[in-house]
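Lettered A, B, C, D and E in written order, each chain numbered from 1.
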Amino acid sequence: MAELLAVRDLTLGFHTDAGLARVLDGVNLTIDRGQVMGLVGESGCGKTTLARAVLGVLPRHVTDISGGSIRFKGRDLLALAPDVLSREVCGRAITFIPQDPYGSFNPVFTVGTQIMEIMKWKSPRREAIGWQAGMPALLQTYPAERRRADRDAVLKLLDAVQLPQPEQILRKYPHELSGGQRQRLMIAMALLPEPDLVIADEPTTALDVTIQAQILGLIRRLATERGVAVLFTTHDLGTAYEICDAVTVMYAGQDVESAPTDVFFTRCVHPYTDRLLASLPRPDGKVAGIPGEVPSLVTPPPGCRFHPRCDSAAADCRAARPPETASGAGHRVRCFHPRVRAAA
Amino acid sequence: MNAILQVRDLQRHFPIRGAFNRQLGWIRALDGVSFDLIQGEILGLVGESGCGKSTLGKTIMGIHRPDAGAIHFEGINIAGLEPRAHRSVRRHLQYAYQDPGASLDPRWKIGRSLHEPLIIHTNLSTAEREVRVREILRAVGLPEGHLDLYPHEISGGQQRRVGLARILTLQPRVVILDEPTSGLDVSVQATVLTLFRELRAAFNLTYMLISHDLAVVRMMCQRVAVMYLGKIVEIGPTADIFERPRHPYTQSLLAAIPQIGGKRITRDFWLKGEPPDPGKLPSGCRFRTRCPRAEALCAETEPELRLIGAQHAACHFAELDSLRSA
Amino acid sequence: MRRLEIIVSRLAWFVPTIVGLLIIIFTISHIIPTDPVRVLAGDNATQEQLDALRKEYGYDKPLPIQFINYLKDVATGNLGISIFTKRPISETMWHRLPATLELTFAAVFLSVLFGIPLGVLSALKRNSLFDHVLRVITVSGLAVASFWLAMELQFLFSMNLAVAPLNGRISGFGPDPITGFFVIDSLLIWDMESLRSALSHMILPAITLALPAAATIVRFTRAGVLEVINSNFVLYERAMGIPWPLIVWKYVLRNALISTVTQIGLIFGVFLSGAVVVETVFDWPGIGAYAVNSILQSDYKAIMGFTIWTGAIFLIVNLITDIAHTLIDPRSSQ
Amino acid sequence: AQGKYVHANNSGYDNLDPHAVFDVGRAASRINFYDGLYRWVDNPPKMIPWLAESHTVTEDGLSWTFKLRQGVKFHDGTEMTADDVVYSMERMLAMKKGPATLFMAIIDPGTTKAKDRHTVVFNLKEPSAVFHSTVPEILIVNSKLVKQNEKDGDWGQAWLSKNVASTGSYTLRRYDPAVGFVGARFKDHFAGWGAKSFDEIEFRTVLETNTRVLGLLKGDIHGTDGYLPQDQIARLRQASNVQIIEQESMRVFYFAVHNSRPPLNDVHLRRALSYAFDYDGFNNDLLKGAVSRNAGPVPNNLWGVPKDVKGYTYDLEKAKAELAKVKEPMRPIVIGTLAGFSETEQAATLLQNAARKIGIEIKVESAPWPVVQSRMQKEDQMYDMVPLWKSTYYVDPNNWIGEMYGMRYLPLRNNSYYRNPEVDKRLEQALKVTDQSTRDRLYQEAGRIVVDDAAGIFVYNTKWFGPYAANIGGIRFCPIGNAQDMRWAYFK
Amino acid sequence: MKTGWRQALSKFVRDRAALIGSVIILGLILCAIFAPYLAPFPDDVYEFHTSNRLRAPDGVHYFGTDRMGSDVLSRILFGARITIMIAVIAISITVAIGVPIGLIAGYYGKWPSDALMRVSDIFLAIPQVVLAIAIAQTLGPSIENVILALSATYWPFWARLVYAETRSVKNEIFIESAIALGAPPWRVMLLHVLPNIASAIIVRTSIGMGNTILTAAILGFLGLGAPPPAPEWGRMIAESREFLPEAWWYATAPGLAIFLVVMGFNLLGDGLRDILDPRIRRAASREE
């Protein structure tokens, strides 16, 4: 499988009242074509930030990107001009499914208007450069012919995401739809431009378990059918297990371990991953949390950020961040003292 | 068995109002709920968002007035008591909010918040109160220095501890825990759940644990009640319900939870559609619009809770095999 | 459906509100030491003259009866005769209304024309030099006493630079009234001289009125845009690569305007209060100047008439605001 | 005949009815649209025959017979007759507004008779020495036309408030209560026209002084009222295109003092206050010497003034001495000023300032004229003092000293609540006798006592500074009407 | 870790608007207190020098003299006393009326809130300036009546504000939890609700001060304020009006004084809003 997205040593921070919050610290992430990659980690560890970095929608004035690269199909997105990124990549080659399907719809326009707006700019039928290219965006028109074709595509896809009576749904306002319906629409909108990569940022956290199961199934099926790669952000390990081909774990802005799903849940070697899995509630009632607290991102501990809470930490963990080491096929870990496990 | 709390046919309806205060309909947040809470147990209450779990807890507490039904707490019916009379009951019956951070006054130091219940319910002097507060603080595992901090200055897990300490100062017998771990990371959740267990042992508490996380409930509770749109559709010992769910809704709920290392449920999850508008409930069984097993009977008569095996379930076809294995 | 209900419920409150207003004003009017009959009779009236007039105008009856009679009159659209001008008050009001409306519309036009785009721009360029300068200007706009600003504008532009007339609405009588709006009337009869005169008379008072209103609009638009621009749907639209100008001027603005529109009722209050003072300083023959005159003359019937009018205008504007709100915010008409 | 004269007036023309309006500010509509039986012209004022050619009085002074001019045309072409005069008098008496107050006490409704087509008889209830001087205020309306426009027995009030039905010098061309009026020259006016009279006159309401001045400077208007603040006059004097016509007027500025209320009923306190007013500072500094000191109630330029009375001067020592003699317990004195008339306020604060130095506390309250007026007319509500002007309604000392201090005018016009039998005896006598020299003597004697009693603080007699465009000629100033009679004026 | 108030204080110092605003207001208060010492001609509040009238600003009279020949600067300094007195008393009365009414109506809902809404609707149905003018005129011009007119017309704003804030705070979980603990209503209202809406009231009060001063100035301008010779700023501008062409300083100085003070209160209010209002704070932290 070919690399679709390769994030290398991405380091960035946000300027806050308290100082520079070093939110990502040398993050590596690789997604292959058609792969569903789970990005898991506890709240505030930088999952959303990483997703937004790929989409190029980090808050402009406060973000300080100090290093690394994001290569997508060979182009470095960080080096791309914002308008080129917005025109050629965002919404076209890379699309987005947000966490909050209610807030992500504009409340004062019908969903039809909003879908058609995306199609106007991002439809796969849109020729790359037409006579309108030099026109200001506000003046550009939507050719009727393409509009019709796009609309047919929309209706077809709405059907595919199990939204009955799509024509009616398009005429509704977001608040007139249920959470599940909204999230289905979001999925449809992410797939309509026929992208190579969909970034889904915790798309099911706002939903009930039964609806979540439906949506997860939908994403999984459509991704497989269309060969789309997905970056799936979640803090729920169960969900990650459910739909991902591979999982990357982050802790406090650093990636710690990355492995194919089955390997990850059975043979993880990083102490943090290990403790995380041990914290899951079990019928037998034997749970163990992780003592200590998540470090402040403004004054993070040096080296491996997990070392203050890690029982196998040693002096070298403080000195430097462990390099990425391969621990099997597609299994990479960043730890000087990985757990030794008997292979299951 | 010794029921410390008996709830009988409890109803609580919220009006839906339009302009003019004109009433457009009712949301039946509680539509005839009955169950017993047994001394010393942990009863789990699960169900989807908006099914009435919090309303049930708050109605028992007297925050909402029930429209009908009875709540016997230690033999006394406390349903619809005057606010003044209710206040004395509250010493023994406490409610732990879903988000303890939000349940602490942001402008009050932790210490002051901890004194408040004692000021309201006891005539202790400041010094006596101080002793009690420090005791309880130790019990929930917080350093005394925290008394001088504001809620936003401590972590979420610590806020939860403060919230519990505030409740426990009054030495209640029953504590209703409303989604105590929602929004917490698993590692923190694990610590909090452990704390609940320890406190229960130390203070001889009875819990009603409201949650939508079945895994947590399974781990913590002796018995589980499953709610769907204002009604309990199934109730019984935890092991039985998780092994042999009788109600199709419970079955789908269990089927919807990803099991690490288990079968991938999304491949063939069978429940379609979404819960109906709580203002416009369907006739008969309220689950029939989504139920793959629904028949004409389901639209006509509403099934009552029936005893099947060790558990009660409200389904006409509860005896049939589980859908999951079908 | 909901829209109709809003209108009906607003209208239902119309009458009690106006009656309540009248009670307040009637009560305070009757503490006035002026004897309306004496004013009516003139400087040199005799006692018998006064008694006759008192009877004629019903001032000999007890106050509650006077109030009820007054309400009856108001219900039939009769606001009584002004003590000072000795003319029917409603007639004067109708006669002066176009002047006030013309000025108000001009001010609304100016304040919206500048307020909304500036508000959007300062939100987009938050914390830039532009934003800071604009903030200073808007805070000043709200801090300056309108009558003083009016005088300083007169001093500068009329007395020293002589580029604008000092006051009045037009030189001379203006075009024959068709609509009563000089700008429209002079266009209708294609009288460029009148048009020029009307516009040049309007500019200073309109600016005076528009300044605080524009400042308010800028602030609300800015706050609205800032609130919206951080919302998830803007993030989503950006992530989906919708062109930025489109996001701002179509999607964000429409949302931001919701809060601005709700403020229009308030802004209108600014205009009406402003009109009272600004019309006085600029000698603008509208109902605001009439109100001040009546108040200074203790012409309490005219004051009450004015109160009813402003109350009604205000309520109508609020009604329109509510309707506009339901029009641009689909959530509210649910 | 040429051109259009534009006048900026400082008050509004909200009613054109000559029988409803009777104040100096709105004289222009009365005087230019309507004619009276006689007319006042020039300064000192002379009464000339106008619609009436002459009159006779019976021996007892009760029956006044006026001979009307023949062939006088109303604007609609019909002839003016004695019936119109009778109708006009009845209309005034019925409406009881404005000018009616001059006649109601002496003429009953229904007693005025048309002897023939051109003779009219007024029958007085009692002899009146002042009736003669009020005859110019009997303005004649077109009775037929007004009757046609009567509604519900309103004497045509609604109609006449916006229309003109008269014989007057100008016909109404345009009218807007908020703006003013335009009159066109009535070619067939009985008095004829000079060669250069205006074709049209426009009177605009321009409340703001600065606008009137600027308009005059810019040439947009040709004339404005003659009581501008002196700073403005000074400014206008510098402009080459403006002329200022200076005339002694009959508008006396004084403090009405409540003579009956303690402690002001003590003559020593009143004298102390009279000594405490800085006449020079006020007349010369604040008003730039544009007024002349008037020591008593009657204007200096009228007869009936005791010329030897020099009045009070600003002298705090004398004031203190007088104050020492005051027996009544002292309390703060309240002065009511006229809102919008800053001169009254300045005068009050000036007195306040000086009084403070001799230990009298004064409070100043400002209120609009209607409020002040209605309080002045109630003895218990009258302020302790009110600075104000006494204007000319008719030219007779009775207009001033008579109404200000005569007991028969209590409380409506005698707002000083001054009750001095010595003075009253003389004032009453002067009203009955018709011999001019006797009356002159009586008024002088009364004036002397009033000043000695310090019944008021008499400050100045106004000078009139008529600002007109330099190319206007033929302005004839008369204290009544303030030169707003435009029929004599023309462009040079 | 900083406590809430200390944090607010440090933010306050960093917020330039609030700082400038409070400096201006402090200046005003100092001017008011030390007017007799600061004024070059303290007697000129009552003392006239008619021969010296309408002097342009020079080294002796920094702001020129007025129509009675008094020093404009001195009068403005003394005018600050009147301005402060009117604003402070009027706002205190307004707050004292509006806050309890809003609090009770907001806390209990039902008919008290309906009644409040209707009554304040009536008061808010016409512009406050107009109502204040009408009341002030009716009662007669004096400082007390200006204060009365202002309080009578402005209380609904506070009642409404407190009402709305109370309603929203009442939905907060910590209020519900205090009730669940068994706290009686007075305790909840005074100890929980009031402190939590205090910042909104403070912000509104600061901006309200500005508005009140403006309205008071309008009343003074129309001759409905303090009677002469009180050096009230609005009245000074009204007095200056007829001298505008010759004496530009006469209107300019008191106008600027009003402007500065109102600006001071507005800036302070704005700044306090940024610092104290948690909603804005939340929005600000999300902002780009």
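In this section, a residue touches a chain if its C-beta (ideal position, glycine included) is under 8 Å from a C-beta of that chain, and two chains touch if they have at least 3 such contacts.
These numbers were taken from a predicted model, which means no experiment stands behind them.
A.B. asks: Can you tell me the least number of steps between chain D and chain E, where a step is a move to a chain it touches?
C.D. replies: Steps on the shortest route: 1.
A.B. asks: Which chain pair racks up the highest number of C-beta contacts?
C.D. replies: The chain pair sharing the largest number of C-beta contacts is C-E.
A.B. asks: Which chain is most remote from chain A in terms of Cα centres?
C.D. replies: In terms of C-alpha centroids, the chain at the greatest distance from chain A is D.
A.B. asks: If you average the Cα atoms of chain B and of chain E to get two centres, how far apart are those centres in Å?
C.D. replies: Each chain reduced to its C-alpha mean, chain B and chain E end up 50 Å apart.
A.B. asks: Could you put a whole-Å number on the gap between the CA centroids of chain B and chain D?
C.D. replies: Distance between chain centres: 90 Å.
A.B. asks: Quick check: how many Å separate the C-alpha centres of chain B and chain C?
C.D. replies: 55
A.B. asks: Centre to centre, by mean C-alpha position, how many angstrom separate chain C and chain D?
C.D. replies: 39
A.B. asks: Any chance you could list the residues of chain D touching two or more other chains?
C.D. replies: Touching at least two other chains: 210, 339-340, 367.
A.B. asks: Would you give the residues of chain C that are in contact with at least 2 other chains, written as numbers and ranges?
C.D. replies: Residues 32-33, 154, 159, 296, 298 of chain C each touch two or more of the other chains.
A.B. asks: Indicate the residues of chain E shared as contacts by at least two other chains.
C.D. replies: 140, 223, 241, 244-245, 287-288
A.B. asks: Once bound in the complex, which stretches of chain C touch chain D?
C.D. replies: Counting only chain C, the residues touching chain D are 32-35, 38-47, 49, 52-53, 83-87, 92, 95-96, 99, 154, 158-159, 162, 165-168, 171-174, 283, 285, 296-299.
A.B. asks: Which stretch or stretches of chain B touch chain E in the complex?
C.D. replies: My answer: residues 58, 61, 63, 86-88, 90-91, 94-95, 97-99, 102-107, 116-117, 120-121, 149-150, 152-153, 166.
A.B. asks: Taking the complex as given, what residues does chain E use to touch chain D?
C.D. replies: Residue list for chain E touching chain D: 46-48, 50-51, 53-54, 67-69, 140-142, 223, 227-229, 239, 241-246.
A.B. asks: Going by the contact rule at the top, pick out the chain E residues touching chain C in the complex.
C.D. replies: 17, 118-119, 121-123, 125-131, 133-135, 137-140, 210, 214, 217-218, 221-223, 234, 237, 241, 244-245, 248, 251-252, 254-255, 258-260, 262-263, 266-267, 270, 283, 286-288
A.B. asks: In the complex formed with chain A, which residues of chain C make contact?
C.D. replies: 127, 231-233, 235-246, 249-251, 254-255, 258, 328-331, 334
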